[in-house]
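Next come the structures, one after another.
Next, two complexes with chain A in common: one pairs it with chain B, the other with chain C.
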Partner chain A sequence: MTDTPRTPSQGTPPQWTPVALSRDLAPATAIPVIAEGTELALWRGRSGRLAAWHDRCPHRGMRLSQGFVRDDMLSCLYHGWRYDLEGQCRKIPAHPELEPNKAICVPAWSVTEATGIIWVSETGSGAPPDTGALAPLRSLTVERSEDALRDHLGDGVVIEFDGLHLLLQGLPQGRCVLHALTGPGLDAAGQRAASHRLEALRTRFEDSEDIA
Partner chain B sequence: MKLYDWVLSPDCYKARLLAALTGQSLTTVATDVFPGKDHLTPAFRDMNPRATLPVLVAGDLVLTEVPAILIYLGGDWGGDNATERARQAEWLTFSQRLAGTLGLARRIDMMDAPGDLAQAQRDGTRLLRQLEARLFDRQTLGHAFLTGPAPTLADIACFPDVMLAPDGGVSLAPYAAIRAWSRAIRSLPGFIEMPGIPRLHELSPEPGA
Partner chain C sequence: MKDCWFPVGAADDIPSAPGRETLLMGEPIRLFRKAGQIQACDAEGRDLPVTVAYDHVWTSLGTPSQPIFAIPEAEEPGRRFVPCGHVRVACSPLRAVENFLDIAHFPFVHTDILGAEPHTEVYRYEVKIREEEDEVWATKVRFYQPQAAKAAEGGQEIEYMYRVPLPTASVLYKTCPSKPEAWDVIAIFVQPLTETTCVAWPWMALYDDTSSQADLVGFQQMIFLQDRAILENQVPALLPLDPGKEIPTRADMTSIAYRRWLKSHDYTYGAQLEAQ
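Coming up: the complex of A and B.
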C-alpha cells in the first residue's frame, strides 16, 4: 500500500517528499505532482520562486496545474482567476473592478528546493534530506508501488543501485516515481548512458515476478 | 491548396499547424465527421475511397495519407539530405503508431469508436516512454526538438496525438521531457491551437492590460 508511512533509516517519519527535479520546472510554468496521496499544483513564478497548492481552483475545481503563469501569478485556465504566490486570489477577470474576497485562497503546502531537487511537505517542519554533490539526472515513473520497490532496494532516503542514486516518491495505485541522481561531473554521453541504465532498471522492476 | 478538415481530428491539425508554422495559407473545407458522418457521402468517397480526413488537394494532386501531406506541405522542414529525411521518416512512422494507440484510445473514449481501450492505453504508454527517453537524450545535447536544432516534420507529426493523450485517459504528468518539448513547439512563431491543445497564454499580452 502506497499510503502506509515509511520509516527512513534515521527513524523519523518522512516530512518531505521529493516531487520534481529543478531542471524540469522552468520559470513561469506549472506541473501536477502527487505527495502522500494529495494532488498538488507545483509552479514556479517568473522570479524563480516556488509554490505547491491543492490542485483545484476554488472557483470551479479546475486543475490549477493546467493554468499559466505571468510574472509571479498563476491564472486558472478555466476562467482566469489569478492567484499570487501565497495562494491568495488577486483578480477575477469577469469582474475586473472587484477586489477578490480574502477568503478566496488555495490551501498550500511547504515547498523548498535544494541541490536541484524540489521537495514538498504538508507541515513544513524540519528540512529535507541533503543529497550533497549528487547531480539530478531525470525522473521516471515505475508501475510498481513504493513499498514493493523498497522491499527490493532497501529503505534509505537516497538508495544507491546500479551506479544510480535514487529518491523514491510513492504514488497512488501502485506506482512510484524514481528521481535519479548521478555522481557529479557526468558529460552528455555519460548522462545518456545513465538514463538508459535507468530505463533498463524500470524494465527489470516491471518484469520481475518478485516485485509485485 | 484546399484541406478537407475536421476540427477535432489530430491528423487534420497536423496539416493546419504545419501550414501555419511555415506561413502557407490553406483553404479549409469543414467536414463534420462525428456525429455528422460527412466523410461517408458518395462525393467524399469519390475523392478519397478510404473515407478518411484530412485530404489535401493542390491542383491535380490529391493526398490522403498524413505523412504524404506533411512532406508536401513541409518544404525545407522536411530535411535537405538523405540522412535527415530518413530520420524524419522514422518519426513519421512513429507518429502513425501514436495515432493507432493514443489516438485510438481517444477515439474509443470520446467518439464511441470500437476497440480495446485498456490495450490502446498500454500500447500508447509504451510509445510515450520511448518518446520521453529520446527527448531526454536530445536535452543532453542541448536540443529541444526531435531530429535537429529546429523543429521538423518529426515534431509536428508526433505532437498532436501526444498532447491529446489525456482525452484517451492517458496522463502526461510523468513525462518532464515531453512537457518541455510541448512548450518549445507551442512557443514557435505562428503556432495555432486546437480544442484540447491550448496555446501558451503567457506569451500573449494580458487582455485589457
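Coming up: the complex of A and C.
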C-alpha cells in the first residue's frame, strides 16, 4: 500500500485550519476555538509557546479553555489540575504529594504560528499555507456557513475579495469566521478603511438571499 | 427514578388555582393552592402526590414508596430555616448534585471563601452506602476554609458530612462557627427540568442569630452562582455513569459512590451510559 496524498480536489477537509490571529491570543491566556467541528482549548504559555487540546479536562469534563495559565502550565478551573504544554498532567492539588499518573494526558492537536496566524491540524502533516507578506487585520464571525460562503467567494485557501485577503474557518450551525489580511504596509487610516470594508462585507453576506 | 420525590417549588410561592406551570423530567406539571392545600397535577389534569418539607414542595410523576427523607437535626430547637431562593442551571441535575458533594474545587471556584491555595489538600475520608436507609454517606471530611460561613471570622479547618437520600437531593453537615458542638445543615434540592437543565433550591438550617436573612441568602446565592459557571461548562452535559469516561482520584470517593449508587438503582435521568 502506498499513501495517497490528500488533495483538495478529492473533497477532503483542509489539513490546517486557521483559528486565530496571533495578536488576539496574548501570553498566559486560553480561548475556545473550533476546527473541523471539534472544540479545542487554544492557549499560550507565558513563554509564548502554544498548545491546542480537546476542550475537556479528563478529570470531570470541565472545559479547559476556561482554565488559567501560570508560566507554561494550564490549570483547569474546576479543581486546578495542572497540565504542561504537552498535555501531560503534572499536578493534582487535592493530593499535593502525589505524582500524577502518566496516563492522565489531554489529547492534543498540532498547532503552528506563522506570519501572525495560528493554525491547527489534527494530524499535523505538512505545513500550513504560506500567507507571505500579507498582514493580519482582524477576525470576524459571519452568520453564514463556510460552504455557502465558498460557493460565493471561491475555493482557495487565501481568497482575495474586495481588496481583502480572507481565510475561512467554518463553525457549526451555519457560522464561519473570516480572518482578514491586507497587503503589506497599510497605514492606520488604510487599516481602518479595510476594517470597515470587512464589516460591510459581513452585512452584505448576511443580508444576501443568495448566500443561505 | 420516576417514583422518587422531587422538589418543584418554594412552599410560600405557590399561587391559588390555576396556579403556575413548571417542568418535571420533561413533563409540564401545574402547582396550585386550593382550600389551603398545595396540590399538583400533570398536563392531563391527573393529580400528583404532594408533600411539603423543608420549606419546599415535592412531587413525583410516579408513586413514591416512602415518605420524604428525614433531617432530624432540623427539628432541634433554636435553628433558623433559610430557604435560599433558586438558581437555574443549564446542566444535568445529577452533575449539580455531584458538584455539591465535591470539596476539592473550593480553592479554585470559591476562592478565599470556602477554600484558598495553598490549602488544597483533600485528606482521606470515609464513604459508604448505608444499606438500611439506602443513602450515600461521606464522613470525616476535613478542609481548611478562609471563611466557612457568613458568621465565620478568619480561616479554620472545617469538618463535613455529606448524605444523598434521593438522586437529586443532598444534605451536608458542617462544623458550626458559632456553636462548636453542633452542625450547620445545608441542603441542595434539585428539580430536574430536563436531562440537561435544572433548578437548584438551596436550603439551610443554622444556628446563627446575628446574620440577616438577606445576608445568608446572598451568601448562598453567591456560592451557587460560582458553581453554575462550572456546571454549564462540563462536557458532556450528561453525567457519565460508566467508569473510564472520566478519571477520579481518592478525593472523589463520594462522587464515585454516588455514581455507583445511581447506577445500581437505575437512576439514569441526566446520566450517560456506556452504549451512548
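Operating definition for what follows: the second predicted complex is superposed on the first by the 199 of 212 C-alpha atoms of A that agree within 3 Å, B and C clash if a C-alpha of one lies under 4 Å from a C-alpha of the other, contacts with A are read in each partner's own complex, and residues count from 1 in each chain.
FYI, contacts are C-beta pairs under 8 Å (C-beta built on N, C-alpha and C of every residue); 3 or more make two chains touch, one makes a residue touch a chain.
For clarity, every value in this text was computed on a predicted model and none was experimentally measured.
Of the two partner chains, chain C is the only one that A:M62 touches; chain B does not reach it. Using the contact criterion defined above for the overlaid structures, shared-chain residue A:P93 touches chain B and also reaches chain C.
Of the two partners chain B and chain C, more chain A residues are in touch with B.
In the overlay built on the shared chain, the residue A:I104 is in contact with chain C alone; chain B does not reach it.
Contacts of A:A133 after superposition: neither chain B nor chain C is touched. By the touch criterion defined above, A:Y78 lies against chain C but remains apart from chain B after alignment on the C-alpha atoms of chain A. In the superposition on chain A, contact is made by A:I31 with chain B only, not with chain C. Overlaid on A, the two complexes show chain B and chain C touching the same residues of chain A, namely 75, 77, 93, 96.
Taken in their complex, chain C has these residues touching chain A: 102, 104-105, 107-109, 117-118, 120-122, 229-230, 233-236, 240, 246-252, 255.
Across the interface of their complex, chain A is touched by residues 129, 132-133, 136-137, 140-141, 173-174, 176-177, 179-180, 183, 198, 200-202, 206-208 of chain B. The residues of chain A lying in touch with chain C in their complex are 39, 55-56, 58-63, 66, 75, 77-80, 92-96, 98, 104. The residues of chain A lying in touch with chain B in their complex are 20-21, 24, 26, 28-29, 31-33, 68-70, 75, 77, 93, 96, 138-141, 177, 188-189, 191-192, 195-196, 199.
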